[in-house]
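Below is the structure I would like to discuss, written out as structure tokens.
Chain naming follows the written order as A, B, C and D, and within any one chain the residues start at number 1.
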Amino acid sequence: MRNDAHDDDHFHDECGIFGIYGTTDAAALTALGLHALQHRGQEACGIVAWDDKVPARVQSSAPEDIEDPIGNANGVFSAHRGMGLVSDNFGSQSVIDLLPGTVAIGHNRYATCGASMLRNVQPIFGDLSFGGFAVAHNGNLTNAYKMREKLVLDGSIFQSTSDTEVIVHLVARSREKTVIDRFVDAIRQVEGAYSLVVIAEGNMMGVRDPFGVRPLSLGKLGDAYVLSSETCAFDIIGAEFVRDIEPGELVVINASGLTSLKPFEKTQSRFCIFEYVYFARPDSKVDNRSVYEARKRIGVELAAEAPCANADLVVPVPDSGVPSAIGYAEAAGLPFDLGIIRNHYVGRTFIEPGDQIRHLGVKLKHNANAEVIRGKSVVLVDDSIVRGTTSRKIVSMLRAAGAREVHMRISCPPTKYSCFYGIDTPTSDELLANKMSVPEIQKYIGVDSLAYVSMDGLYRALRQPGRNNETPQFCDACLSGDYAIPLTDFEGREDRTRKVSSLGEAAA
Amino acid sequence: MRNDAHDDDHFHDECGIFGIYGTTDAAALTALGLHALQHRGQEACGIVAWDDKVPARVQSSAPEDIEDPIGNANGVFSAHRGMGLVSDNFGSQSVIDLLPGTVAIGHNRYATCGASMLRNVQPIFGDLSFGGFAVAHNGNLTNAYKMREKLVLDGSIFQSTSDTEVIVHLVARSREKTVIDRFVDAIRQVEGAYSLVVIAEGNMMGVRDPFGVRPLSLGKLGDAYVLSSETCAFDIIGAEFVRDIEPGELVVINASGLTSLKPFEKTQSRFCIFEYVYFARPDSKVDNRSVYEARKRIGVELAAEAPCANADLVVPVPDSGVPSAIGYAEAAGLPFDLGIIRNHYVGRTFIEPGDQIRHLGVKLKHNANAEVIRGKSVVLVDDSIVRGTTSRKIVSMLRAAGAREVHMRISCPPTKYSCFYGIDTPTSDELLANKMSVPEIQKYIGVDSLAYVSMDGLYRALRQPGRNNETPQFCDACLSGDYAIPLTDFEGREDRTRKVSSLGEAAA
Amino acid sequence: MRNDAHDDDHFHDECGIFGIYGTTDAAALTALGLHALQHRGQEACGIVAWDDKVPARVQSSAPEDIEDPIGNANGVFSAHRGMGLVSDNFGSQSVIDLLPGTVAIGHNRYATCGASMLRNVQPIFGDLSFGGFAVAHNGNLTNAYKMREKLVLDGSIFQSTSDTEVIVHLVARSREKTVIDRFVDAIRQVEGAYSLVVIAEGNMMGVRDPFGVRPLSLGKLGDAYVLSSETCAFDIIGAEFVRDIEPGELVVINASGLTSLKPFEKTQSRFCIFEYVYFARPDSKVDNRSVYEARKRIGVELAAEAPCANADLVVPVPDSGVPSAIGYAEAAGLPFDLGIIRNHYVGRTFIEPGDQIRHLGVKLKHNANAEVIRGKSVVLVDDSIVRGTTSRKIVSMLRAAGAREVHMRISCPPTKYSCFYGIDTPTSDELLANKMSVPEIQKYIGVDSLAYVSMDGLYRALRQPGRNNETPQFCDACLSGDYAIPLTDFEGREDRTRKVSSLGEAAA
Amino acid sequence: MRNDAHDDDHFHDECGIFGIYGTTDAAALTALGLHALQHRGQEACGIVAWDDKVPARVQSSAPEDIEDPIGNANGVFSAHRGMGLVSDNFGSQSVIDLLPGTVAIGHNRYATCGASMLRNVQPIFGDLSFGGFAVAHNGNLTNAYKMREKLVLDGSIFQSTSDTEVIVHLVARSREKTVIDRFVDAIRQVEGAYSLVVIAEGNMMGVRDPFGVRPLSLGKLGDAYVLSSETCAFDIIGAEFVRDIEPGELVVINASGLTSLKPFEKTQSRFCIFEYVYFARPDSKVDNRSVYEARKRIGVELAAEAPCANADLVVPVPDSGVPSAIGYAEAAGLPFDLGIIRNHYVGRTFIEPGDQIRHLGVKLKHNANAEVIRGKSVVLVDDSIVRGTTSRKIVSMLRAAGAREVHMRISCPPTKYSCFYGIDTPTSDELLANKMSVPEIQKYIGVDSLAYVSMDGLYRALRQPGRNNETPQFCDACLSGDYAIPLTDFEGREDRTRKVSSLGEAAA
């Protein structure tokens, strides 16, 4: 299970989304759903609820970061957004009470550096001609900057630097009649990776881009429909998993039930392979596979591809390395032990104290369990190496605690390329595997041996025939450099792999 | 001098505006200017500054309520807005440091009931195709709702419920080439009362509507140009008063100096007469008349029109009644004394304690100076009677303190009509003078005699030939019901005099 | 009326106290009383209430700055204290609801530099063997440091640096039986100036030191007894003034009514003369004289002692100079006008912006009313000159606004000596009048003439035979250097007049 | 590893303590040490630092919750305390900068219900005759109430409701000459469980009560001495473990180095057995045993005592059940899997939403990993059952996720008795094992079989001969009811086992 908030040596997903239609507890259940999806983004969160009844306090206007119901005769929107955890923002009944109604959508955000301001926190809302339009987005649009330029020239005024706002303006300007047609009109104009949940004119909508890069699942809680990035959010509210939303599918949920639309030409799907390696919670199923089982099988593949005959025990880097380490240990017949203990009490702002004790760094979160590893040859299992900083510190910590040998095993192939589809990766020139060979990395992080699972091994663990096959089923651009979706905003840039994390920075 | 924050028995002006061009201390001087204009609005305030140098931390995007510089290669905008007083929001150097640059505009707001949210706090900013556009507005547009409806149908998305935002969208959509032509294009489409200060493309602009309802003066501080609602804001920074901006005049200030444009057909000016009676600071000149001297002269007229032969002394309702009381006392040859003492320490939230002691009400702010008035016949001078509640309490307080007689003298004619041009008045059916004759009011508030200055007396005190003349020089709609500027948003409403204080509520 | 919060060129009183016994609204009425006394201290305030009924949530313990009822079977104490204004801390019903009971005392504090921390905010509370003991103090003890040293050696642990806490420890250690005897035992051991209100064992007590330096008045509101530093706090709640507590008198109020005790040998009283000159509100009576009338009479004496034949008008430095200026103008037959306008909107933290514009300083609060004073010879009336900084700035401002001549008149004799009895004065070497002769001061502040009222004139204005009489009735140590009460803590110090503002600093 | 903040179905330890002597980074290192000890108390934390140099800003007084240096010519104390996590209170350099000096002590607190107020947050400080005295306490005094009563009668005034403050007053009143003798004098008068770290007169002192109930270890970091509740706090700063402080040992650390005193008669030691079962971090050594190894061995004993032949896999209740589950799995030859996933993102205030969805309860923290357990017979390993509520919910969750059988194994004997020595347990009548037999509990929590490790098995796992031996080496009162230390404050109470969690409530 992943909860590496603030971990500068991991990839970061951009968000989790959730929506529920048809229950009086819509906002409370959305808060719980977002809590279950907290691992997908800890910097900020928000909920927009919609009530078909018009309360006394109504204003026909855009929503407020501080709560303020918005609406007209057709219903009322309420919103609350805040920096920080779901439990800190939505943990009290008094906040939930400000979000009445039977439909709600929510969003967890991993804020990228320059844009961590409240007005970028989703769901994004627009007070359009037909009424309010609220949208929460997981993914990243790759032509948002160009679309924004065009819209601004035509007189649109943007409130945020979020790529997602482009969709709201496209809906606002669409000449289609119904809100569903306007929304289809809008998403047909954007490129990139996106799973979206939307509230508009009493409908809840959910859509995945034609490649299906980001996950989105459909569930039911009694008569209420639920949409969620991962199934663990169904579990927390006791909802039943129904099926995944298909790549390119748009579901419209309203008083008439659920309607499935396919507004795009069919294309080959590309589900993000890193959801299995790192992002998703182990107790979730994403794209219909158990994440925990997938990780264990990666461990099994690793044990077969890169055995470590004379090792004494297998130790995971907690928490994300645990399932693969259990898989490795079982396959290799080695003991599994918690040789590293993780401190979960890392609050929002533990600035490491002054220079003189800066070297203490990583130990804020990890400590070697010396009694377990002293004098031992250890197989250390982690999910990835990004910049290598954390790995170096952990290896050094194990050696200081008396480990005789440290053999590192990584449960994915080397990550050499940036992601442009919704994951906050460093630019490729910061990626260790882009700059060094495996033997160089082994030396750099100071281990006795180092092995990554192979691309084929990874595909096998996911029960697919492997990448060398003609039809790769996953988006593995960060591992292979194969970017299936056009990178329109980056065309003509000398270094297309340069990281562009927000519209604002793209402009600089 | 006026500082009746929270006084529910007075009119309230909507705002004060200030701008400065061409000094490295632009934001600091704007904070001081706003502080001097604090009496024009205490609920919220904001400053937007513009720097022609591009700092390291840049984002091409809309501004943030929390500071966040915005800009492109042509310069950078920074903004800060907050609820409360200027000194509470801009009193620290650390805030000023976040607002670098040589041009700044600012705004004080008197928030009306439903719309007291941060996103309505001005200056309003838009990130348009040519760069940022910031505007601060004193006044009220009377066709904003209709314009907004049209813009939204065309796909514009509003961030606030402020009428002022209409101007920003009109500029965004204008097909004119230069930012000045776009701005002219925009203000030609709006109706109502407005004095505006603007920053766009390195220009500071100032404009008054063709009727010149709201004040706006031009000053200089060394080489820097200054615009301000009142001259007291020039005094606080040591700037020199140059002249008033004329009704219908647009001044454009940039590196080439000041250019005056007259984009409107000439019309008869209608400066708000209530600025003299109540709103402006006594040490200001507005529309080139000393407010203090005007008020004293009203007192003199009152003494002539409504003498009080056997009175012992003249007592002002502090603070706004003081100059007229001094004028009355001098003209009548009566002693002037502080028979009522005002407590200025009323913070933001003195909710009056529970029902059982609610009758204490008015005494939070005023106390009778019993030693001065016991056994005396008192001439009590105030500037206006709105709902009458405060007057009743004060009279009752004076009697309880031993006053033998209380003769009330009001330094303006009865206020019978709502204002639609930027002053927050009750609906006309809440105005005491709309419902009662003067003898009825005298009885209602419990005085031995009551007199208002006549319309002619008021005009005489302002050195004008009087209202009965063919060319009334002031907007006195609240006294006369003569609304010179069209009330487009209210056409067809059965009760045109019904108060509509914000776009949102107009829609309800 | 005085409200010079943060004015570094005035004396500052240390506090106002208030208490009420026998009403269900005790805390709400105390909040109102403190609001009326706000001019006596704006840095912090507090209320302790006592309820004879034991509520559900009870703890036998010391009070909390955040509310926390304290009590035992004999009743429950509740407390709230905070930095800032009464209206900011006690303006909401929710806070008042946390302070139940029929007895309450309160305190306003002017915090001196080093000790402006919450734990020094009064009322001070101790959980003693007989139950809670709460005390609010106006004044300053002059042997507190020596008493504290002795108590600490015996094992007492102090919570604050306040001199007042000494009294609580003396009560705690007293071997007397009743709480009244214990309290008498304690106050007999302390020296200095003090008016105190106390709650203990269901009694409210009020006492003035034998010299009666600080004021304390008794009032009634129906059957409830009220104690207050000034009568203006009676007015705000509609209470009736009964009489002043006498110097050296202790009143005990409980279910049996009011008992007056005289626990000290009789001595000559010494009421603080500066209460009339500056501290008290003009609408108050202190020591049975109207403050407003006293100030007007000082103006009359000044006009007689220091006429200004060719002047055009009399201008007060607002607000405290107004009554004396009215008196002067009436006596001299000169017009009275508001030649200086004061901005009351100075919030808590208007740090003057950067160095380059620091000279703007004083104008944050005052502005010349140029239309009134241009070309005129002005008599400028103020209550005192402390360091001279403010006076210089105001005079310079008047001249810049066009005053032809400025003649300054001060409504008290030169303040040459520090106060050790509860007023926060600079050390004597910072007092302008201690370093310069009147002609030197005249030159320093840049006026055409300067005159102070004489000591005899001041006494005459207060209807006393004058200081040269054998029995000076006032404490005028700051003017005369005659310290009637021993300065035990300062004995042996080379410079007895050196300012010692808190115990902590005395130790340094 | 334990981090069950807010878990109402576990025991809670009262605190962790830390101290360091002789390094310029004393406060920063203490913050890190407290962070490592965060699992011992998450409600509040505090640090007091001592500097032998006297800085400019000095006050001889008690410390402030907001920082305020305190001191005299012999050095200066600084303090900061706050509710919440160490990282939230001490995570910024600006706070650390306010705590200068070479000696610091710190405290983590698990606040019990009624007394969670800031003034009870430790370290507790007193400004005594010889200077400041700061103390941090892990444990609970059992005669504090009686001692407090006596001290208050003698005139001592308590600031808090903490039992620890009794020690400060006893030191203040001691007639011994040196601060060390005074401290010995004080601790000889108190009874109960305590490990203390103290700063006084430039000494750091550490002491364990004669029974050694609570842990305290000595480490070194270069020349600096370190004291800590657990060794994991040595690891985080890179300090070396030296030895445990012995039961009844007082170490005095100052410029002369470390001196060991034995101020008590020798008695049989009684180290808390629950530190191994639940409280201490698995990577710590307490009382010289590895916690992780101890827990694994308990799992091994459990597997031997209560095998589960036909089970498919072993699943821990995370996180505290993990080591025992690994031990059980290894011994039983069964697979170990994460059948329950824990969500660590539980912020401070996740109030469970309204009644209608209250049944969701436990899932805020735990979710079944359905893919792993569906159709399986599961051995579920947890460390204890307190009220049984959490266990019931978890078992029900596993069954809902498809577990075929659930066999529960508990890594300690039934907890039937309250703890009076520093652990926040429910009263005995709330303890499930006090009310039900094992078969009844099995039925109540709904498992197919239930077994606790035996007392002998637990002692064996800890490498001790077992409890039936004549010399029990542990305090196991919560399991056995054998209270070795007198419960003076509870004598004569009918139900001695009734829980008394604070002095205040004892009095009620």
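FYI, a residue touches a chain if its C-beta (ideal position, glycine included) is under 8 Å from a C-beta of that chain, and two chains touch if they have at least 3 such contacts.
Keep in mind the model is a prediction, meaning the values are calculated, not measured.
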{"item": "Comparison of A-B and B-C (more C-beta pairs in contact)", "value": "B-C"}
{"item": "Computed distance of Cα centres, subunit D from subunit B, in Å", "value": "62"}
{"item": "Distance between the centres, which are taken as Cα means, of subunit B and subunit A, whole angstrom", "value": "50"}
{"item": "Rounded Å distance, subunit B centre to subunit C centre (Cα mean)", "value": "37"}
{"item": "Residue list for subunit C, restricted to those that touch at least two other chains", "value": "none"}
{"item": "Listing of all chain pairs that touch each other, if any do", "value": "A-B, A-D, B-C, C-D"}
{"item": "Of subunit B, residues touching subunit A in the complex", "value": "57-62, 64-66, 68, 72, 114-115, 117-119, 126-129, 152-161, 168-169, 172-174, 503-505, 507-508"}
{"item": "Subunit D residues within the subunit A interface of the complex", "value": "1, 3, 24-25, 28-29, 31-32, 35-36, 38-39, 42, 84-88, 91-93, 96, 232, 235-238, 281-283, 285, 290, 292-293, 322-323, 326, 330, 335-338, 341-351, 353-354, 356-357, 360, 363-364, 367-372"}
